[in-house]
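The two complexes that follow have chain A in common; it is paired with chain B in the first and with chain C in the second.
Here is the complex of A and B:
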């Protein structure tokens, strides 16, 4: 009996091992943190799981379980299937072009003796500006008749491009904008990656008569593979959650050609008020992002030094 | 011979690199420049052929108009007060948690730490709807409590603070304890000053994120008087979509404060990006 009491006591003695002031401070911050994460993160995720199996409406309390009906519905719902395809396309194209351009840029920018810092400052601009302000600017750049792009094309006698208003061009337009917004950041990370490589490798290659491009391609690039993988995966994960630009610029149109997963989640929850359906979509997004994250953690295990 | 010499000089000066990088840098700046120039143009000039690059007549009419329609001072104050409060709470609590996780030993420490860290992988959409229902149930709709309380802690900042704590020698803390310093004193007077660089980085990043935050404020704040800047701007664009001078003036006003903060804290932002891969 005593041992049982002792064992129970030690089980509940969460913060055993330290005493006095340290214990008080630990209790003071760790207990609220646990409660916070339980109530405001884990519980809502669990609730999303539950809601995805119901016919819940946004402003109604009671709901009924409908099994996997929502999932059956969304995978047969053409706009949502389109949204998955569009988001995948957007994430892959944006990441591919951004990473390749950023790598080239990093190799060109790194050896420059002057103006390096100044130019890097310019690359930060898209990063620090709010997505909505950027979308506003690009809405104007892409404007069909008076926008800068079509004015310039017109000046050279090229047929104007119906950027955001055509089914074919709307998604590529958003991708171009995302590449513009991401290339500077990626390049800066890559420069840090290049500088982190010990110089001995390149010096040895130079003695053996390697050219700059050979050194970049066969020495620096392979040594940077970790940084590149990190950027590729985090960039795909981030792009899968794209929302602001689409919300402001096209609202998923024309004809669902730019509909993305997050926009569908938002629309179903806050326009159509069907949070059951919305929750099932959110859960699909969670699975996609979760799988990508697991891949990333697997590939970078040593980097985390936990 | 002279050709080869010229080529080598060119290479030494990295001329080609400068041209390409310069072009990319110009591409980065051009949209912002175009925004600023458009905002100073008269309505008639914006929608005219052939287009002009610089305004023929400079006007601040768009700004006066946008400032009053956007209710810009009010919106600035809303956004600034929420962003500052949120940033302070997030970074203070993360620093404290990071300190405890980095410097103390207690039972289940690792498990609790992973329990917190794991939330980093959750896309916001996955807990957004139940969180919104909670806010409604708590009658926090249209209240800044809904913006601040559910975002009080940050797993990312906690993780980075904990990493930074490892660089502070334990002997230093023990020496202070020997001299009779309490744990709170040690945290505030010893640890926090030592963490200044990483704190400055985190504060500048979180301030920018909080200032630019969109989806959550869009959902929980619907009262125009209480709106955050990006949400107000998106409504403004939806309302005045074809009046480009006006919406560009609005976009300039939304961008300016963050650029100012960035210029002031530049050093820390740059450090933050290259040191931690923070985004």
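Here is the complex of A and C:
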């Protein structure tokens, strides 16, 4: 109880007590943002939850409460179960390889005396390029007979890869494209993280005879742990919501090998017009992302260290 | 004071004159009432909104709207084209009352919208049945109903590269007519490297509903009607023959490879010699690959016997404008009047809209227009159309099922029989789930 009172007091102390005119001004500025979030962010989530418990259809005004029928349906629906597995695999693989490559890139780029900014711009370009343009170009790069990748492989005598037209290669193809798109952004964040470490640590280690590898492993990486965790968790959260590339490049095929949760949500909403089922899928995704967010927030707490 | 006596005659004269004067005055008032004409009130201005997709086509509807304004100055037709998320916008806007007056329709959503009473039936006075059947004779009015006007038909066309035929030692003026002739011709036009990998395929395929042409050519059907109920009829000898046709193309005759690019790119880039496809591909080659377009020939699709017995294949009716609900009454009325103008009077407008998509025009008078009969491609479509089968409804899930079946055969390497059985059961599920409601 005491703790609750102290916490409430500390909340109002953020504003120095609600009676102060400056703090009233602060509240006045904050309240519109709160209203915005309530109406445009939290209300749709609440409404989705309600719809997920109904048999709502896109073209019908009336709908009935059906309880958890939609949830029972989607978890028995093989394509949706496959979508969850595919999305999880996509998120983990993309994140793992992106983070590792970005770290390597950051360590390589950071010490460069010249051209550092140019290289960073170059690696950041995929982030600011239209997703549709990227997907269109990569569709051609991956074209199984005449695409650039297989032409290069053929030049070296390697058997062409059926990138997007085989069950085994379709998802890895999308993962490769996602890694290419995300590694630059992560590298820039990591470079900022490296530059935030006081140089005294490395200087002291150098004096003690530590190698570059030892400094990276025992000094730089541990001190960058929070940045790494932040990137890992936000990358996983973002990857779980993948939609554009899949929709444009494979539409979930071949044979549901690239079906992801967002695509299932879209299909049930706008192809089958079953909003209730689609909402239940969306709520499942919300729960997954929510859990990951909570994990991230807890790992960001001050009393946590690698 | 001197007085003057008025005698009777003078009195009567004055009285008569007065009476005449009063009578004239009364009559003048009456005449005035009869001559006065009620000036009709100026019609209120009204805006008719039309939504669709593909800007080039919707521009043609806007031009029709501008022509209509010259006839009805108080009506402004405003056409909007949405190339992204069009149907999401429509399906969300109409129930909310913020949708358009008229909407360009597509079969994938039309039947659902019709079943939910979101489209308004055509005015029986403006569009009596006799008029519709006479002026739009190739349209399946029974299947589609009286809720949307037809825009034109996509027939299935056989396209071949005449130059490649010559290089293969074949006569470009005698394209193959039977399935056997087709296999032989495509084999001759196929090129492969030393490893047997195709470098140019003899045949490219249009991946939308690929099996249906062949199934209908064999006299098969994919649906049965049992009373009022639809029953899946997918697992049949005719559909088996259709699937086997594709398997043979890839494995027995080796003229086709799923790894090749999409058919419009394959033909346009000279990576494929022939194709059986929906007519719209013609427009892509004409605009994007003009050099190759000059080398292309068009003919009826090859059939088992060389004749359309019973059909050359599938056709797809492209739908035009429908009037939507939840608009103000005067706007709906104006929209229906514009619809009447466009489909009854604006034949040139209809022809422009159908031609841009490579469609056989829907209106009977446009079928004999010299712009159609004088163009070899359109003339071919007119010839084929009566001998093509329209399955009417193609829902999103049904269309997706065809891609899955193709992948089962060529990615998962399942047998034809397994694939057929899967197709049958999935179609049954889709009918039960209400995803297919009006297939013909």
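Odds and ends about this structure:
Just so we're on the same page, the second predicted complex is superposed on the first by the 261 of 306 C-alpha atoms of A that agree within 3 Å, B and C clash if a C-alpha of one lies under 4 Å from a C-alpha of the other, contacts with A are read in each partner's own complex, and residues count from 1 in each chain.
As a convention for this text, a contact is a pair of C-beta atoms (placed from the backbone, for glycine too) under 8 Å apart; a residue touches a chain by one contact, two chains touch by 3 or more.
Just so you know, these numbers come straight off a predicted model, no measurement behind them.
Superposition of the two structures on chain A shows chain C clashing with chain B.
Residue contacts after overlaying the shared chain place A:75 against neither chain B nor chain C.
Annotation for chain A, partner touching more residues between chain B and chain C: B.
Of the two partner chains, chain B and chain C are each touched by A:146. By the touch criterion defined above, A:65 reaches neither chain B nor chain C. Touch criterion met: A:253 reaches chain C, while chain B stays clear of it.
Judged by the touch definition given at the top, the superposed model places A:33 against chain B, while chain C stays out of reach. When the shared chain is aligned, chain B comes close enough to touch A:279, but chain C does not.
Of the two partner chains placed by the overlay, neither chain B nor chain C lies in contact with A:218. Looking at the shared chain after the overlay, A:271 reaches chain C, while chain B stays out of its contact range.
In the three-chain superposition model, chain A touches both chain B and chain C at residues 58-59, 143, 145-146, 270. The part of chain B that touches chain A in the complex is made up of residues 14, 17-18, 20-22, 24-25, 27-29, 31-32, 34-35, 38, 46-47, 50-51, 93, 96-97, 100, 104-108, 112, 115-116, 119, 121-134, 136, 149-150, 152-153, 163, 182-184, 187, 208, 211-212, 214-215, 219, 229-231, 233-234, 237-238, 241, 244, 247-248, 250-251, 254-255, 258-259, 262, 266, 269-270, 273-275, 277, 279.
Those residues of chain C lying in contact with chain A across their complex are 87-88, 91-92, 95, 112-113, 116, 118, 198, 257-261, 271, 396-397, 400, 403-404, 407-408, 411-412, 433, 435. Contacts from chain A toward chain B in the complex involve residues 13-18, 21-26, 29-30, 33-34, 36-37, 40-45, 47-48, 51, 58-59, 105, 108-109, 111-113, 115, 119-141, 143, 145-146, 148, 151, 155, 180, 183-185, 188-189, 191-192, 230, 234, 238, 240-241, 243-244, 247-248, 261-262, 265-266, 269-270, 275, 278-279, 282-283, 285-286, 289-290, 293, 305. The part of chain A that touches chain C in the complex is made up of residues 58-61, 143-146, 160, 162, 165-167, 251, 253-255, 267, 270-273.
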